[in-house]
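As written, the chain order gives the labels A, B, C, D and E, with residue 1 at the start of each chain.
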């Protein structure tokens, strides 16, 4: 059969450039302000960097386990290069596959599997369906995958929220250390200014870390997690329905019941 | 039939001038205070404006998608020129239309359609009714429209709330940059004052943006969304009832069950 | 009949002097501290007053509608001269009226109507009963009145809470304006002190407005609203029961079910 | 009968010395720090005391009624000398009385009444039982007492929480008054230090009042209220059960159902 | 029988080193910053230590009872050396024991009891099972133990959260005392710096205690409590099931219903 040449419309996946634009734009503005001020070197102070970044890392680590800290690092990278998918198009994609399976049998899906590799959950589900795994089992296994992804994202968002809480506190602690050192040594009036500048650097680092990295990243992570769960749910419902060899029209009805009103699809007439 | 000349009382729609008065009054007072102080020029500093407005925009963008940011801009404009409508009068208007449809048939509504153009949801519903769309379908389609409007408003209110959180933080970051630059360069005592003034400007911008624009606009948006949903719900119920050719008295009863006690109507004796 | 001479014990209504004592005492202490400091004139600065009071008014207005702002002004005045009533005594009063209506007929209540004028809701209910309005209708109408009073109070409390949020922010904005103006003009060292004093005045006004007026008034409004709703509920239940010509003993039982344990009444043996 | 010589184990009531130790220790440390600093006199300033303590009192009074303020004063005293009782031992005590009543009749409880005087609720309940009041009525009356105690404690905790909110605000207001007065009068540089010291005193008083008195007392009040309600509930259940002449084993079962797992009792084998 | 030589796989228990690393790393960085600054001695001031640590202890003590304070100290030590266990492996361990009991009878468990000593709850449960305690009673007793552990942890977390609230407040109070003393004695300009440095020390101590000890420890305690309750719940379910001599396959099914999706076990084929 030439059906293996069938092309499944992929859900248009747009890389979420807002995160990158925001990060680059925000830091660009801060760096520009520093450079135009004349002496960018005075904004770099290794001990200050260590006490704020290292301290925030240490204090956040007290709150969690090493494993949770490590996973968060990975999740941050994934959030920056996040690929958002339109739930409507994901539903259309699933309905196309369901129609193909209906018309030419489940085994014909073998030919389109490689087109699905960019969507791990859908790929895994369809592979199981092709291997003859019953629909109920496909659903159970994929739901476990999906649920643990959501949980992992929530834990990572909590790590970032705690880091956003502790970064300004570590900045304050660093500034207090600097102030106490400066005040104990006021003999040379000429050193007061620079010493005070260094003391304020940790407050600056803490404010930048918390407000330009940790807090907005946690916020974005929460937002993406909701969006991703919706798309993944569509894939789970689709794979289970195809595995149970249900009528694709019934699948459409079920998908529409979980899609937000503005995103409902009308694939069959 | 001369019925097309029938005039439907419009729900008295009063432009919400409180938002405009508040914005103009608030900024007017701040600007007056700046001008009477003598040197208004010292309150304008382009790098400071860039770091606070640009920075807040960037950091807020990290939390959301480009689409959500764009929609918020539109919603802000719509909030400033918001037209509030009395739910009682909207109910009366709907009952007048229902009575007309009852007495002269649904087709007679054709003649009054253009009077409804200022209310898109009511217009859309009545057009569908005139076209013979069944009441259930009219209700489903209008509810989708209404629900996605509410959701869009909530997302926009969240964008504004985040911006109100980040604007003072960006102001603090700008001030810290200015302070560090000033403290590293204390040789010329005469420059301390002006440098400090510039450093404080970002804190000033952040406070103004958060407290005079973002936070009150988010608050107004939430308030308007509730009010608008109530009026839209009345239009949806009306259009569905007329589409189902129900007795207008039954419609009145149903409308009264969703109107707040003080707003209930008695259209039919 | 001489029954019109019957005297109904009024619920002892004690003017709530705590609000007045608190306001007068608090402002008295602040003014005393200012006067004993020597130069009370330096605490009055019209531009500062304008930016804090006017600014807070403007920003709060952005959040609400003109109508909501106007109603809040009235509610504030009513809160200062609030008359608290003991729910037990209100219940006794209602039971006395019910007993009179039972023994001498509903029409006999005509004679005591004018004794009830100080309680608008009770007066309105009893007037309707005397006019022969059925109990169910009396209950529906009075409940609408009562419910919209509660809603009005909640909206006004929200306006005050927002004002308490924005007043210190406007104070900070005013102080920042003053500081930037002062720092740009450090040539005359003698003017630094007074300029700084003026700059701090807006922070002072904002703190006084928020903590000595808006926040406590919002708190009192919430408290009074709960207390008033309980008394009004007793009047509604009483008027409805008398309108339905129920046995006053049954009314007593019903009233006790809504009164707090310590306030239950035993009017009949 | 010699039964009046029976001795009922009292619930070991330990005075809660944590409150006293905490208050004395905390204030001791603060006073020690002040005295070792050399000039304790500079920490006492009558106008500052008046504006912070008097102001907090006035502003808190705006939020409540005179009656609620008065009750809070009493509740504070009671909290300092709070006697905590072990719910297990209270249950054992009640079971001993129940067993005595079972074996020798309810009238025999006359002889042990005076041993119960330290527990007003238990005493009141047992007196009613001895007087032949039926169990249901005993339960209703005691529950009213218990419920209004809990409510009174909650209201008092709310008063303290509001006071903890307003005390630092009054401290800030006092400091701003002091600063404005000092800044308007910078001619004598020698007076700046002492004037500033006096200005800071109100912030100091506000911080001490809020963090060392009001906030922890409110917290303790909430904690004690929960503990006391549990013990009182045991007394109410016991008195009601004895009044109904139920089997003490049934009472034990019921008491265990409300006791926390670790506190359950096994009085009968 | 040689069955007593059977080896039960222990749940791999990994000491939670994140707490230790975080505490040592955080304090290491702070101490390094202090030492590299030159005069570490200026960061040690006994009166400042007393007022912050002692004051926080006293104020926190006002909120709780001596017993609750004592238990918290123990819980802190246990949290630092916390041993985390994988719920999956705990389930496998329980299923191994259940299979052994199924095949060779409950008495055969005597031989493996000593292997379980590191898990007190499991050890207690199995001992009761070997002694012939019925499954229902085993479940009731172990659940009481487990529930009071959770409650104890929650109370201790609350103590730490209150301490994290009060430590910065005591730091502020200490700094205000220092400032007032310094300002009252400005005659010797050379002493201003050191006096101010000492005054800031209490703020520094308060920030370190709250943000590097109390708040993260409370956070970790909450996290561990959830994890420990899950493992303990598995032990309770296992001991009860073995006591009731249920089929181990049924136990597996029940354990999987409480395990998170990613942690479910498949012990029997």
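Following the convention adopted for this analysis, contacts are C-beta pairs under 8 Å (C-beta built on N, C-alpha and C of every residue); 3 or more make two chains touch, one makes a residue touch a chain.
If you're wondering where the values come from, they're calculated on a predicted model, not measured in any experiment.
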Graph separation of chain B and chain D (steps between touching chains): 2
Both-way neighbours, i.e. chains that touch chain C and touch chain B: none
Same vs different contact residues, chain D with chain E, by half of numbers used: different
Inter-copy rotation, chain A to chain E, in degrees (Cα atoms; steps of 5): 70
Chain centre separation (chain B, chain E; CA means) in Å: 49
Centre-of-Cα separation between chain D and chain C, whole angstrom: 30
Overlap residues in chain D, where contacts from two or more other chains coincide: none
Chain-level touch network, classified as line, ring, star, complete or other: ring
Starting from chain B, with chain C taken as the next chain, the full ring order: B, C, D, E, A
Footprint of chain B on chain C - complex, ascending: 47, 50-51, 54-55, 57-66, 69, 143-144, 147-148, 151, 162, 165-166, 169-170, 172-174, 176-181, 183-186
Chain A-touching residues of chain E, taken from the complex the two chains share: 16-19, 21-23, 25-26, 29-30, 32-34, 36-39, 42-43, 84, 190, 192-194, 196-197, 200-201, 203-204, 207-208, 210-212, 215-217, 219-220, 223, 260-262, 264
